[in-house]
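See the structures that follow.
Shared between the two complexes below is chain A, which has chain B as its partner in the first and chain C in the second.
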Partner chain A sequence: MSRIEFRDVRHAYPPPPGQAPVYALKEVSQVWEDGGAYALLGPSGCGKTTLLNIISGLLTPSEGSIRFDERDVTGLPTSERQIAQVFQFPVVYDTMSVFDNLAFPLRNRGMPESRVSQRVTEIAEMLDLSERLGQRASGLTADGKQKISLGRGLVREDVNAILFDEPLTVIDPHLKWQLRSKLKELHQQIGVTMIYVTHDQVEALTFADKVVVMHDGGVVQVGSPVELFNRPRHTFVGYFIGSPGMNILPCSLDRGQPVFANNLLSSGYPVDTDLSGKLEIGIRPEFIRFSDDGIAVEIQKVEDLGRYQVVTVRHESSQIKMLVGEDQAIPSEDPKISFDPDNLRIYCDDWVVESAHA
Partner chain B sequence: MNKKWILPTLYILFLMLPIYGLLSMSFKTTNEILGGFSFFPQQFTLANYTKIFTDPTWYNGYINSLIYVCINTLISVSVALPAAYAFSRYRFLGDKHLFFWLLTNRMAPPAVFALPFFQLYSAIELFDTHLAVALAHCLFNIPLAVWILEGFMSGIPKELDETAYLDGYSFPRFFIRIFIPTIAAGIGVAAFFCFMYSWVELLLAKTLTSVDAKPIAATMTRTASTSGYELGLLAAAGSLTIIPGAIVIYFVRNYIAKGFALGRV
Partner chain C sequence: MRKTTNQKAWWLVVPVLLLVAFNAFIPLMTVVNYSMQETFGNNVFFWEGVTWFEKVLRSERFHDALLRQLLFTGMIIAIEVPLGIAVALAMPRKGPWVSVCLVLMALPLLIPWNVVGAMWNIFALPDIGLLGFTLNSMGLDYNFTQQPVSAWMTTVVMDVWHWTSLVVLLCYAGLCSIPDAYYQAAHIDGASPWAVFRYIQLPKMKRVLTIAILLRFMDSFMIYTEPFVLTGGGPGNTTTFLSIDLVKIALGQFDLGPAAAMSLIYFLVVLLICWVFYTVMMRNEEQ
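And now, the complex of A and B:
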């Protein structure tokens, strides 16, 4: 087990001849503490898988270095890095039985056979594969095969980290919950670093202590689920996390306070007035209320989701989503809304603007 | 009444008729064949087969053919395996053009190459050896094998390779222990087609041999001997040439369909 560090890692896949390389990963410096449960969250194509493959050594980064406990492993082949990785689609060795599949990584490293069978039995028990140990792996269903893939990732105890690349995509929803909590439980038991790639925020927020949000080849924020929700550092984080996502609205500044559509708002903290760039305010739907005075809006749509309602309102050209409790009335005439100043963030060119006096 | 079976039955009869003709002729004497048409042998005889199995000029033809066909299949498949792996897994400058160019090798009739091959193999003293024919047949069998194997390999996800590295295998061990067993079906199909094409190819085989490595097909062209046409003998030899192909196709019958589904056969 070790602490994994990325130093100024960039990666570009080989471009078609005659074209400039496009960086799939732009300048990532990041430390993965030993024993942490991380989730790597981001939309498809943002560089998550590239980052994983660099850790496991399937890809060598174009620039920068990776260190395991201060040891530079950038040039080390995959087989010597002691990393387990589970892919999105099941990979099993079709020619072997389920037992042999699970035992394979252990036998390759010369573990005595008695220990191998003990370990395999333990893991099989955990994944409900005990009854199938003798079967040929090629006859299993997709989720059975994926369980083998998971098992093969978990079976080794000496790994530096276990990487999961959207491992539960092919698994039934009810089993998904079960397996995810098993993974979490296992993490607490064995304390090995786990990095879990997903584009599903619920998965990321329930699995991880630390969520790393990626956008367009870069890491935009690292934090606990609560931090990501309350203090998104980038408009993308605000928009991507939360359901529905944060409202991002154009604004201007007046004496350190934001102005949205000719309404002077209070943001709870003053900012420098000489900011240049695209200015926006971000406000989560949870922190918008109907009020007697405020911004006049026109109600477009009300979706009842049971415990609360999602109300879509419009002010001039801006669409705003807000959450209203099921017991709260929606005003029928002249609706006006106001924003909670403590939860209003100001963004300049998509990055959050911190207080001028902090 | 359901009459769906009539058309296929007629078609199969139409296909089987020449084979039946050949088979029935092989049990006739040459005189009976020349005498007139009969559907069943009037004087049933095994003499034709006895002659083939006892006369070295005949049975050596089969042995020679089998030797160079097997050598060729072995070379073609073992060379095509790494090549197909490269085409299926790596992107390199001009990979698609090269892959297509391989196929174009199959478009030229073998006759085009007969003369240069004859000169070349005579010069390096390979003329009239099994190896000469086996190597000559690689010209069209390697591209074919690469083409078939690439299809099968591309059906195996790249993650299998990556998982094996993660599990601690080096590339050569992975390739031999994991990858080859996984695409065994593809190898079977590729080997079958190499075998077939090499077995039926006559022109190069005949040009590059004289005595020691003479293939059966070349022997069969010399049926007009001092004792006249030996049509019964020819029919028996012809019937026997069908057998090796039938045996090989029996083993790969289930995989051929998969190969067709991949569009690679």
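And now, the complex of A and C:
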């Protein structure tokens, strides 16, 4: 077990001949504390898998270094890193039985057979595979196969970290919940660092203590689910986390306070007045209310989701989504909305602007 | 819903029926016809029953030819399959060399059988052929027109040269269809290169290998042109394989009855071996 550290890691895949390399990973410096449960969240193509493969040594980064504790492992092959990794699509060794599949990583490392069978039995128990241990792995359903893949990741005891690359994509929804809580439980039991890649925010937020949000090859924010929700550092985090995501609206500044649609808004904190760049405000749909005075809008769409309704309103060219509780009425004439000042953020060139007095 | 009955659709099958009749069924039945009768020409036939079959099955000559055939096919499969796998494993999966390798591999397959025979005949001539001359000047006594061992070696090497590419290409296709994740998982699991081959590559190649072995079995079991051009079945009868022997009986001696009986036995042997092999290979797949 160890602490994993990225120092200025950049990675570009070999470009087609005659073209400049495109960095899949742009300058990541990041520490993964020993024993943490991390989720790596981001849309497809943002560099999550690249980052994961760099940790496990399947890829060697173009620049920068990786350290396990203080040891530089950048050049070390996968086999010497003691990392377990589970992939998006199930990988099973078709000709082997379920038991042999689970035992494979242990036997390859020369573990005595008695210990192997003890470990395999434990893991099979945990994943409800006990009854299938004697079966050929190729005969299982996709669910079963992915459980084997998970099992092969979990069966080793001496690992520095277990990496999951969207492991539940092929699994049935109800089983997904089960397996995810099982992983979480397991993390608490064995305390090994787990890094879980996903593009599904629910998965990330339920699994992890710390969520690392990636966007366009870089890490934009690291934080607990609550932090990510309440204080997104980047417009992308605001937009990507939450359902529906944060409203990002163009604004100007007047004496350190944002102005949107000719309304001077209060942001709860003053900012420098000489900001230059693209200015925007971010406000979550949860923090917008209908009110007697405020910004005049036009209601476009109301989606009833049961306990609340998602109302889409428009002010000139800006579309705004808001959440309205089922007990609250939607005004039929001259609707006006107002923003909760404590939960309003100001962004300059997509990065959050902190208080001028901080 | 009322079901309409219209039997006219059967007419649509007629072209295919005619085609199959003329290119397979009628020729086959002609052979069956010949295999049970004796003729001395003038279209006069005498019924013989299964006499020819008994004769062929008891004939020393047929036994020898069959044995030579089995030995030859066994040898070339034993060489071509492992060699084909090895070459396929060594070929690059990505990059500019892929197409170069593929074209080089495909070249022998594009050469007509009789040309291959002629090429190797000249190549192996002991006095002027590059191979024959080189071997002899190295002090080896090599003459495929006179020594059975040399003739066999040359025939086997020629077939390996001509057909290993087929196994290579099929295996290569099988290897290319393995997703990267399998290799990555094997890395993570600490698998040795042998384990990667044994538990990932070989199982994933099983289907294409089955096809490759079947094709090579059928093709080599019916080999005719290449050894005919290279050695003419000699020296003596040493490289007279089944089809060469069959042609000798049918056209050389004009023994149509025994030749027809032999053809049918020959056909059934090929069919039987293919069926057994395929059934055994696919038995596990269905579970």
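Going forward, the second predicted complex is superposed on the first by the 358 of 358 C-alpha atoms of A that agree within 3 Å, B and C clash if a C-alpha of one lies under 4 Å from a C-alpha of the other, contacts with A are read in each partner's own complex, and residues count from 1 in each chain.
Assume a residue touches a chain if its C-beta (ideal position, glycine included) is under 8 Å from a C-beta of that chain, and two chains touch if they have at least 3 such contacts.
Every value quoted in this text rests on a predicted model; they were computed, and no experiment measured them.
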{"item": "Combined model on chain A: chain C and chain B, fit or clash", "value": "clash"}
{"item": "Chain B versus chain C as contact partner of A:Arg152, first or second or both or neither", "value": "both"}
{"item": "First (chain B), second (chain C), both or neither touched by A:Gly139", "value": "second"}
{"item": "Touched partner set for A:Ala84, first chain B, second chain C, both or neither", "value": "both"}
{"item": "Partner chain in contact with A:Leu186 - chain B first, chain C second, else both or neither", "value": "neither"}
{"item": "First, second, both or neither for A:Asn108, with chain B first and chain C second", "value": "both"}
{"item": "Residues on chain A lying within both footprints (that of chain B and that of chain C)", "value": "53, 56-58, 77-79, 83-85, 87, 89, 91, 93-95, 104-105, 108-109, 149, 152"}
{"item": "For the chain A and chain B complex, residues of the former touching the latter", "value": "14, 17, 53, 56-58, 77-79, 83-85, 87, 89, 91, 93-95, 104-105, 108-109, 149, 152"}
{"item": "Chain A residues within the chain C interface of the complex", "value": "53, 56-58, 77-79, 83-85, 87-89, 91, 93-96, 104-105, 108-109, 136, 139, 149, 152-153"}
{"item": "Chain A-facing residues of chain B, complex", "value": "91, 93, 157, 159-160, 162-163, 165-170, 178, 181-182"}
{"item": "Of chain C, residues touching chain A in the complex", "value": "179, 181-182, 184-185, 187-192, 195, 199-200, 203-204, 287"}
